[in-house]
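The same subunit A turns up in both complexes below, where it pairs with subunit B and then with subunit C.
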Partner chain A sequence: METQQKDTAKIKEAIKRRKRVVYQPVVPDMQLGFVHHNVDCIGCRACEMACKDKNGLPPGPRFRRVQYVEGGTYPDVYAYKVNMSCNHCAQPACLPTCPTGAIWKHKENGVVDIDSTLCIGCRRCEAACPFGAPQFDPSDGLVKKCNLCIDELEAGRKPYCVAACMMRVLDVGPIDQIREGKFESKAIGPHDTTVRAIKNLANPNLTNPSIAFVPHSKAKVDI
Partner chain B sequence: MHKERIRRVLSLCFIVLLWSPFSASNATEVTDYERARWDPIHFKPAIDNATDEQCLACHQEVLEPSVKPQSPAGVKATDALAWYQTLDVYSGDQETFHRRHLVTPLAKKLMNLKCNFCHQGNGPRDETPYPDTKGDGSYTLRKMVNPEETCLRCHGQFNYKIMTGLPGHWNDVREMMGNSCLSCHAIFRTERHQVNYLNADAIEAATKEKTADGKENSDICFGCHGGRAWYQLEFPYPRHAWKGQDPKVPDWAKDRPTESEERFRLPAKPVVEKVADKVVEKVADKPAAAAKADTAAKPAKSATDAKKASD
Partner chain C sequence: MSDTLKLLKSSLNMTRRGFLKTTAVGTAVAGGLVGKPRDAEAFAYEPYYTDDQLETVVTSCAHNCGSRHMLVAHKKGDVIVRLSTDDGTHEGAAYGTDTEQVPQVRGCLRGRSYRARLYSPERLLYPMLRVGARGEGKFKRVSWDEALSFIAEKMMYIKNMYGPASIVDQSYAGASWSVLHKSDQIEGLLGRFLGIFGNRITSWSVPSYQATTFSSRTTFGDIKDGNEDDAYAHTKLMIMWGWNPAYTFHGGNTFYYMRLAKQRGCKFVLVDPQYTDSAAAYDAWWVPIKPNTDAAMLAGMAHYIFVNNLQDQDFINRFTLGMDFGTMPNWAIARGFENFKDYILGNGYDGTPKTPEWAAEVCGVSADDIKKLAHMYATTKPAALKASWAPGRAAFGEQYNRMAAAVQSMTGNIGMLGGCAEGVGKAWSGEGVGYPYDKYANVWFQAIKSDCWAHCVLNYPNVKREEIGLWERPDPTDGQIPNIRAIWWQGSDWFNQLTNINKEIAAVHKLDLTVCMDSTITPTAIWADVVLPIATHFERHDVALPWYKGHYYIHRPKVIEPLGESKTDFQVFTRLAYMLGFGPIYNPKASPDYFESNENVDEAYLRDWWYNRVVPNQLIPQEQEIIEWEEFKRRGIYKFKYDHPHVAFEEEIKHGKPFPTSSGRIEIFSTELANIPDFTKTKYGSYIPPIPKWIEPWEYLGAKEKVKEHPFHLITPHPRWRTHTIFNNVPQLREVYEQEVTMNADDAAKLGIKTGDTVEVYNNRGKVVVPAYVTERCRPGVVVIHEGVWMDLDENGVDRAGNPDFLTLDEPSPAGAFAYNTILVNVGKTDLVHRPGWDKLATARSHVFRRDT
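Take a look at the complex of A and B:
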């Protein structure tokens, strides 16, 4: 019994030592990411619904969110949509904040996944994410998030949100190829180019999110 | 028939008039959820002057301890260590983000954060600060706050590459440097803590505290600066020069502000005496004739008047 107690203390001390100095983001073999066409998206929220349906979410938490951006003064007015879920960042801020190790990054495809059964509801990941991805579920006091429908990916299919998009403005693929314009997708038109940042998005240099946008003319920024 | 119709309409109008004061008073008295969401306090400019008491009147739950004792799979909170619990300067159980920045003993000692330090207003529809229709609105998509303008005022990557004499990341060279940030920063001291969201004097005092065995402890600095580097950016906060600093701005610091935003500045210290002293010095430096002409032109600003004002 005494030995067991000693071991526990030793283990705890080792965890402490390791935790305070080590955080090396996982470098995946291939990083998957989203692409969203800001202009052609009609904001129908079918992706949101499909996501909530698939993940059995109660009212409140939304893994994916369609945001309506409107502005200008008549006659120079504009409206476009920005559609984001978890951006499965290259250096996710949520991951190292988690005290229980509930969040991890898949080596094979870079998906940032969560096992909410390990969550103690401290909500640190929610605070750290610059893109509002981790969602607190008040019905059970746990944080949950998009895992890019990892089960669908492993079955060779696309995530529910992408499958539900009737305008085909949302897609998923290797983010390097998307950024280089080598990824064939209906979400990217023949003359479209993608950008990694749009107006009012949190600075992508914070965590290097795996998302690209076909931007609206009023959403373009220099980053 | 026609008269009967008029009588009915009039009686209906009478009933409506009779009830209207009650319905109006009900509308003003009852603040339902939807009404509260669109309260002006959630938007600029009212949020700039919102007090914590006003915010907490509805949002008091953010300060309630809510970390679960154990996860659904049985991981106990006491068995898991959060990063801040590995620091020598933190003692206590796991706490929520809001509590650790507002009400825990260490937070109260070193910081003076208010709700509107981070929360600068939000639009209820998409949970982002509400844009005005003419401009950008300075809002952050899908986030209540902009981490770049809040978290990074203190926390950021430890940019050891620009620090003269530091051979590596603090994680690796801590022991080599005697576990003391002040071995260098006793000289290279900026004025960064002189802002209204920090307790500068308490931070100064805390940096001088030593461990039980009398050793220096860098955790008091590193705990905020560099330790919690969840973001890949370094510190973009204003770069206040230290005394004797080379006036030439290095490349890595170009375009960095040299003064905090107005809302974070401390109230100006009384300057009457200093002004008087400066005027005295100025007058003393000038040739007598020039000083006389100057005094004649601006009698109220003469050294004697200024001295009187300071007295």
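Take a look at the complex of A and C:
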């Protein structure tokens, strides 16, 4: 009995002592994000190759992934592309899982970045991300991902993937403007509007990803 | 700079920030090694250099796709650290400038992966001589002197023993269409070298597009039947006939201009056994057709147009020959030739009306759909029927291309913006020749259809001229069957690419000499006696231009020093020419030390080209900005500006200039073909009708007996992740695209095949092993394997890589078209092993592909 009381007191004390630290997401001054046209994209993966080349990546890690979706029954078929790298989420799921604090969000533009000198390659971020953005590179045991070519942004240029797009269907800009239809871009055609969510994509309410799509008619969802 | 970019820039903190500290510099700090910068590496995640810390050199890609795009090399020391592409600044405009008139020329996925090829483990660095059996792949490293002396001695021996028609020139476009260092089937550096030497058999038929070349020459008198790609933005109906620009990237910005057309309301149709990515991107109406039956479907469309009187009769009367009775020449009527309309309506010799119902039986497209498409095409103006090359790479492929030209003509969609007469599709013509060009440019002593060499070798001397498509000669050597003793491959992987590879393997052992010049080891090089390492376009000075569509020149300076002991083709031929006694004739600007030092000579050739060819012929005052050679070199690119898109045959249609045919008209009825008395005495070898007709191919789904044993029709289109065989060794590309057989879901279910299963595809000519991709996007009865994968034989001669040319037949069409898409096969599950690449890299597509039901 005494032991039990002692334990209860101990536990209460421990609970008091343990101040739960809640991660406060960085609220960027301006959040950059991608826009991709799911239909007009020919799926050529020039963006992917440009990204791999820029980052010196071997086969394996793919910062940008052009996914092919197809459906229907012969001969009434359809196909479209979903092109994603890191979505530089407003509430990134990867960030709080990092045990070393290697992942952080840039205040000025909302880019989610990994400091590879701190990364221990535990891959927890990889498991946490609902979009598959963090990529483990077995050649050096690090998790790496898209940093929106922040060096190029600094130099006043667009990321390599966007600058590579032969169809001009991928672009980057302030995500609020993209969503409000105020962002002028060749990626968004004259009669197109963008959406936050498409079919088969993780619910955007999870992390609030900074990406918008011009969706295929078969990919529209209500969220 | 666009407003967007200004916004981006102003909203960013421009000071140096964490990212750079923690990468390029940060590693050194963390390791306590401050002050010792590491050398740049080609593929390094760290240290990371920003573009502005690297030296920037404008150059271009250089593979044989027809396009040409800008690559910008960012280098440190002698290492290219990364590649970017056109961003508008190099032509002197603001960053991001990209207009409809002057678009950026952005590199495709292949171009962007070039460094992986440049620095690949397969890169050839030293001359090598074969030590094992031919094809065994055993070589020893030798000096240049030893390698070249070996070749020179063998050449002399072969010439003395077997005469001037015993070495086959199999140069091809592996390093194509640059101004100075040109590998080319007809007029490249090798052709001139062998021509002066006095021993050359040329290979006259072009693997990619001989059917359409024949068709356009015969019909329009010119292969320049193409519009520039900006013209595509102005069409209202685009019929992509077997055309997949999302894969071929044919033309600098073709695919993008088509997107603009779509935004402006253009409707798209795809006639193809596959629902391609082009169909998806342009939201096309898919008309799945049986392979090799295109001419029949087009005939059915022509029938509908004629019986409903939807043809442009005024256009027919003014511009065509033999479209109908009224346009038939009198001499042809007198000699009893039938005209095209009579053939279509059944008033000709076969008495069969080519009704949509008749066509439906042949091509598997319903008569209603044939009528619907014909109606759309005949009533929409302007409408583009883009008759691409692929359906012509078939038995009697020329009939398809000729039939398409007839349908294009009867609707009057030629010579107008938004219409289309393609065909070949070649549009703007650059000045492509900066190398010595004189009477030796194309000397040959016999010329054969390009995939007939093995047949000739194996059956010599019991070969008939018509079996190998021997070109006519105006002297007593006409018709002499060549005794082929050697093959020379320059920038060419033809051993991997010509039809019926097993027959080639049987024939290659009979030769006295095989030489291969390339930058990487290739499947062809494995069969060579001598392998010569050739400098890539990053390692020599040149100028690039598109040969298909696009109007610009891109300067290609030497970006890095040649790797290993590699030399340029021009250096190698010049050295050999000196050894054989004709050095100064072969390379007039060079001295014997050109092999060691080529920079001044190459600069002199290119400068001459600029001032003697480009400036006087193309830089027309008022229309174009005139710039000096030094200024061009400084910028790196020169884009021509035109007020209106170039449209083929505009002069002929709008201003009455005669077509360059013998009649001056669009020859639906061919004067030349009608006047050939004996086809066996011509390069064609067998009969070609003077008007386009449906002719049954030797293998197709309508061949009832043959399909019992081999029920699937295999087609072999061009892949997106290779240019033919080039880039097959880039694992970054193979990671996302697999060499596989595409098959219809119902067909696969009957055979118990699922996506990812390993299957064998076979016929009487060979067998290949590939994984299956099962989809609803493919017509039943049709299977698809992309061409160009590097063959990888097991001990029983089964190709584990999946090269479809083990299944093709080495019997070209009369006009010379390769029958790459005329193959019946069977498919079944197998325990044999598929090998995706020589480096055994495993690839998986499960993570990139998914089905949405």
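Heads up, the rule we're going with is that the second predicted complex is superposed on the first by the 203 of 223 C-alpha atoms of A that agree within 3 Å, B and C clash if a C-alpha of one lies under 4 Å from a C-alpha of the other, contacts with A are read in each partner's own complex, and residues count from 1 in each chain.
Keep this in mind: a contact is a pair of C-beta atoms (placed from the backbone, for glycine too) under 8 Å apart; a residue touches a chain by one contact, two chains touch by 3 or more.
Given the structure is predicted, the values throughout are model-derived calculations rather than measurements.
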| item | value |
| --- | --- |
| Partner chain in contact with A:Met84 - subunit B first, subunit C second, else both or neither | first |
| Contacts of A:Ser116 with subunit B and subunit C, given as first, second, both or neither | both |
| Subunit B versus subunit C as contact partner of A:Ile42, first or second or both or neither | second |
| Partner chain(s) touched by A:Tyr68 [first = subunit B, second = subunit C, both, neither] | both |
| Partner chain(s) touched by A:Lys10 [first = subunit B, second = subunit C, both, neither] | neither |
| Contacts of A:Leu153 with subunit B and subunit C, given as first, second, both or neither | second |
| Dominant contact partner of subunit A by residue count, subunit C or subunit B | C |
| Touching partner for A:Lys54 - first (subunit B), second (subunit C), both, neither | second |
| Which of subunit B and subunit C A:Lys199 touches, first, second, both or neither | both |
| First (subunit B), second (subunit C), both or neither touched by A:Gly141 | first |
| Subunit B and subunit C footprints on subunit A, overlapping residues | 65, 67-73, 115-118, 140, 142, 199-200 |
| Residues of subunit B touching subunit A in the complex | 66-73, 75, 77, 80-83, 85-87, 94-97, 125-128, 131-144, 146-148, 151, 171-172, 227, 229-233 |
| Subunit A contact footprint on subunit C (complex, rising order) | 1-5, 7-9, 11-14, 17-20, 22-23, 26-27, 30, 41-46, 48, 50-52, 81-85, 87, 95-96, 98, 106-113, 115-116, 245-246, 249, 253, 255-256, 259, 262-263, 275, 277-281, 283, 286, 288, 720, 731-736, 744-746, 775-780, 841, 847-853 |
| Residue ranges of subunit A touching subunit C (in the complex, touch as defined) | 29-30, 32, 39-46, 48-50, 52-60, 62, 65-75, 77-81, 104, 106, 108-109, 113, 115-118, 137, 140, 142, 144, 147, 150-158, 160, 163-169, 172-174, 183-186, 189-191, 199-200, 218-219 |
| Residues of subunit A touching subunit B in the complex | 12, 15-17, 19-23, 65, 67-73, 82, 84, 91, 93, 96-97, 99-102, 115-124, 126-132, 140-142, 199-203, 205-208 |
